[in-house]
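Below, chain A partners chain B and then partners chain C, in two separate complexes.
Up next, the complex of A and B:
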C-alpha cells in the first residue's frame, strides 16, 4: 500500500480505503501496560547482554571497595558508589541483579521453549487424532495438572541429583539444567491442554477439509494448515507462562533447591537483615516483580489481540 | 493463451475413455448416533457421464451434502456406515481408505465448498495455496507452479493475478475467494468437480458470475460436475440433469429441461412453486411446503414425503413408491404413486380447490 495522498492509478478505491484503515490502525498507540512491559524487558535484556562491557556495572564477584576497604556486611546503602547498595559480602546488589537476570531469563526461555515443543506436539496429536491418543495424553496432562506445581518441582529437583549420580551420561545435567527440565515439565501440561482444544476447533474448519479434499495427508494438514494457525495461541500462552515460570524459578531458589545465582536466592540470603539493610532484599524482589509483571502485561495484550481464551493457565 | 482455455492441456487427453465417469448403486450412508441410526443417504443410485453436469437439489437435511461427501470419501470414519457401490471411471472407490483416496483427491476429484470465507487457510498466501497441490501432485517446480497458479487465476477471471498471488485471503471479497477456491480445485485438472452449494454464501450478483466461471471451466476441461444446491434457479441454467433428493432418497431425476417442463414428483413441484416469481405483486405470500423434513432416525412408513404432500392418499402412507422410469423418456425417473399429471393427482387437486373455496 503506497501513500494515500497520491493514489496509485492501478489500485482500486477499495485498496485506498484499505490503506487508510491500515494507517489508522498502525497509528494507534499501544496500551501503557504493554509499552511498559516491552521497554522494561528490552532494557533488562540489553543490560544483561552488555553487562561485561558497560562501565557502570561492576562484576558481581568482586566486592565494592571504598578507599581500598571492602564494604562488607551491608555497609553501603543505595547511593552513588553502589546504586542499590551492597550485600553481606560487600558485593554490588545492582550488578548482581543484572547478572543474575541472565540465568533467570535463560531458564525461563529455555523451559518455555521445551514446554512449547513438547506440550504443543502432545496437544496437537491429542486434538488432531482424538480417540485413544487423546485419552492417553489427556490423562497424562490431567495428572500433571493435579499435582501441586511447587511440590512436583521440589520433588523432581531433589530426585534428579540422585538420578544424575546413578546414570553416567547425565553428567551435563547441572543444577541449571535440572531447573530447566523441571520447569518445562510444569509448562507442558497447560500448553498441551490449550493447544489440544485449539487443534480440535481448527481441524473441523472448512479449510482443513478443503485441504484434505485436495489430497493433503495428515502430516501436511498438521504442519501447513493447523500449526501456523496455532502460533498466536502458543505465543500468547508462552508469554504469560514465561512470567509464571520465572516466578517459579525464583521460588525454587528461595527455598534453596534452585540455583545460587538467582534473584530468589538473593532474597533468601538477605531477608534476615531486612530491617537494617532493606536494599539487599527489596531490589531483587522488585526485579522479579517487574519482570513477571512485564511478561504478564505482554501476554494479556497478546491474548486480547489474538482473542485467546486462557482456560488452562 | 486465451482466457478460459485449460491450463494443462495434457490433462484432457486421458478423458476419452468410454463408460460413465461415476456410477452409484444403492449408496447408503448411515451415522450411528445416541438417538439411533441416522439414515442420511438411503439407497441412492445414479450414473454421471463424462463432461456432464448433474444438479442435486433438495432442502436442508435431505442428504445432498452427505451424498456428495460420501462420493468423495470425505466423511469422518468414526460412527459412519457406508454401503453400496461407488464406481469412479470404472473402479470401485466406495470401500477405499483415506490413504488410498488421497491419490484420487485433487487429481481426479475436487470439491468446492459452501463458504469461501472459511475454506481458505487464513495464514497462507493465495499463490502458495494454489501452487501447493501443483507442486505435490504434479511435481512442478516452484516457478512452474507459480506460473500455472497465475494462469489459473486468469482462468477464473481474477483481475491483476500477479498482485493477488501475493495476497492473503482476508484481503479479498467472498466472490474473489470463491474464485480462488475454484482455481485451487481446478489446479490438478480433476475429471469430476463437486460443488457443494458454491454460491449460497455469496451475493446474488456474484452468484451468477461464479456459476458462469464453473460452467466455463467445465466446458474447457471436459470435466463432470456435481452441483449440490437447494436453489433450483442455480441448477436450471448450469446442469444437464437434475436429481431431486428428499429424506436421503432420490425422488426424481430428469434432464434439466424436462424436469422443469414435466415434473412428476409433488415435492419437485413444491420446490419450484416456492421460488418467488417476478410477475407476482409485491408482498404476495411466498409459497411454502408445509411441515418439516422427515426424521432420518425413524423415517415415516410409505413415501417419505407423504406427511407433507398435498395430494397424499392412503397408499402413499403405507407403501414406499419405487423409483420408476417414465414411459415417454428413459432418462426421467421418479418415486411417486400418483405423480403430477396422473388422474389421482388431478382429482386431489380439484378436491383441494373446492375445499379452499368452501373456506
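Up next, the complex of A and C:
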C-alpha cells in the first residue's frame, strides 16, 4: 500500500519526520503531555497485566487484614498497609483500581475496534458511492446522533437482557459484551461522519482518478487507494474516542446499568461516604480522569501530526 | 425555502425512526400481550387491569399499529400515555421535572458562552502568549474530564470540605425561593458548564485565529479601526460558524450529562427519572422522554442550520440560488 504514498524523492524520510517534529514542538501543548500520557498508560497496562504476580498488589476479592482482623467499614485510610485505603468491605482500593482497569481498558479497546470497522465501512460507503447509499447512511447516522449518547446507552444496556431472552442466538452475551456492543454503537455515528467527509474529499483526488483510468475497480480503489489514506484520521479519532468511551463506561457503571467491576461502580458505591472515607471515591475518580486524559493527550498529539481537525476538540 | 423544507422532512423522518426503534427496543422480550402488560406495570395485574392496558395501547397488535396508535394519541390528543409504574399519566410524571433539566441546560449554555467567548477572543488576539497557552491547557483538560469525576470533586470540595452548599439538594425553582434555588442548582450547573465552556472556547479560538489572519482584518486595522472593534465586530462575527454548530451538536451531550449530574446531586429531573423508568421497563415514559428530547435536539439543529444564513450572507445567497 506504500505505492500510493511515495514520499517526495528530493527529501529523505528523516527530513520529513524532523520537519514534523519541529512543527509539533512549537505547538501549544508541550510534548510533555504526550510523554505523560504514554507513560501513564504503559505503567497502567503493565500493572494490570502483571497484577497477579506482583507482590504489592493484593487480590481485590480478599479483604485487608491487620492482626487477623478485617479492616472493613473504611477502617484504613491511605497508608503503608493499604496504599489507597480500604473500602466498606475491607477490600484494598488500590488493588481494586488496578484489577478493574482490565475490564475498563478491554471494553474501551474492543468497542473502539468494532466502532472503527462498522463506522469506517459505513462512512466509506457513503462517501464513495454517494447518492442513495449516502442518503440512507446519513439518515441512520442522524438518528444515532439525535438521541443523547448516554440516554441511548442506558436504554440499550438495560434492555439487552430482555432482548437476549427473545433472540436465542444472543445467549452468549454477558453484561461485559452488552456494554461493548452498546458503546460500539455509540462510536459508529461520529466515526462514520468523519470518515464520510474524508472519503468524499479523497475520491476527487488525482491518484484516485489515475487508478480509475488504469482500470481499477471500486473495491480496489476503496481498499488500496482510499483506505490507506484514511488510516491517520481513523487512528486519531480512535485515540480520542477511546477516552470518551471509557468515560461513558464509567458513567454507565455509575448509574447502575454497567458492570460491577468498574471504577464508575466504585465511585457510586462509595460516594455516600465521601465525608468519612474520601479515598474510596477519590482514587477511582483519579484513575478514570488520568486514563481519559492520557488518551486525549495522545489523540491530540496525533491530530496535530496528521492534521486532523475534527478530532481536535 | 426549498432547502428548509428538505431539511424539515429529513428531520421528521429521523424523529419517526428514532421513536419507532425505541418502541421496538422497549417492547422486545415480552412474549404475550399479558406478559407485556405485566412488564409494563412492573407489578402483577388483575385480568381486568391487564385487558384495559392492552386495549388502550393496542399491545396485542404488531409494532407498527402500536406505534401509529401512540403517535395518533400524541399528535391529536397530546396524550403521552400512561405510566403504570408510577400509576399516573406520563404527562403528570414528567411535568414537575421538566424545568429542572431545562434550567440546567440553559444555565450551562448561558454561562458556558459567557466564559468561552471572552476567553477565546482574548486567547486568539494575544496568540501564543502566556495567557493563550495557559488557557489552551486549561480548556484541554476541562474538555476531557469525565462528568462524574468533576461532579465528585466539586462535591468533595464545596459540600464536604468547605460546607458551602447543602449535601442533599432537592430541586427548588427560582420562582419559589431564589436563594435556595441557587444553593441547589449551583454545583450541578457548574459541573455541566465547565466542559461545555471549554468545548466552545476551543472551537471559537481555532476559528478566531484563522479569521484574524485574513486580509479584511489587516485592512480594517490599516484603515484605523480601533483594535477592540476589529476583534469584536469584524473578527468575532466571522468566527462564529463552528461555535453555532456546536450549540446544536453539544445539546445532546448536555442532556446526556444531565442524567449523570441529576443522579449525582440528587436533583429530581428528567434525567434521573429516565434511569428509574428504563430500569422499571416503563415503556411510555421512556418513549415520551425520548420523543421530547429528540424533538428538542432536532428543532435546535434546524434552527442552527437556519442561523448560518443570518451569520453569513454568502450562505443566504447560495441557498436562495440553489
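In this section, the second predicted complex is superposed on the first by the 280 of 313 C-alpha atoms of A that agree within 3 Å, B and C clash if a C-alpha of one lies under 4 Å from a C-alpha of the other, contacts with A are read in each partner's own complex, and residues count from 1 in each chain.
Simple rule for what comes next: a residue touches a chain if its C-beta (ideal position, glycine included) is under 8 Å from a C-beta of that chain, and two chains touch if they have at least 3 such contacts.
Fair warning: this is a prediction, and the values are worked out from it, not measured in the lab.
After overlaying the two complexes on the shared chain, residue contacts for A:179 are found with neither chain B nor chain C.
In the superposed model, A:125 makes contact with neither chain B nor chain C.
Comparing chain B with chain C, the partner in contact with more residues of chain A is C.
Once the two complexes are overlaid on the shared chain, A:224 sits against chain B while remaining clear of chain C.
When the shared chain is aligned, no partner comes close enough to touch A:105: not chain B, not chain C. When the two complexes are overlaid on their common chain A, residue A:34 makes contact with neither chain B nor chain C. By the touch criterion stated above, A:215 is placed in contact with chain B alone, chain C being left untouched.
The contact surfaces that chain B and chain C form on chain A in the two complexes do not overlap at any residue. Contacts from chain C toward chain A in the complex involve residues 10-11, 13-15, 17-18, 21-22, 25-26, 28-31, 39, 128, 132-133, 136-137, 140-141, 143-149, 152-153, 155-156, 159-160, 199, 202-203, 206, 249, 252-257, 259-260, 263-264, 274-275, 278-279, 281, 286, 289-290, 293-294, 297-298. Residues 72, 74, 78, 99, 102-107, 109-111, 113-115, 118-124, 132-133, 136-137, 160, 171, 181, 184-185, 187-188 of chain B are the ones that touch chain A when the two sit in their complex. Within the complex formed with chain C, the chain A residues making contact are 28-29, 139, 142-143, 145-151, 154-156, 158-159, 161-166, 243, 247, 250-251, 254-257, 264, 267, 271, 274-275, 278, 281-282, 285-286, 288-289, 292-293, 296, 300, 309, 312-313.
Residues 10, 18, 131, 205-207, 209-217, 220, 224-225, 228-229, 231 of chain A are the ones that touch chain B when the two sit in their complex.
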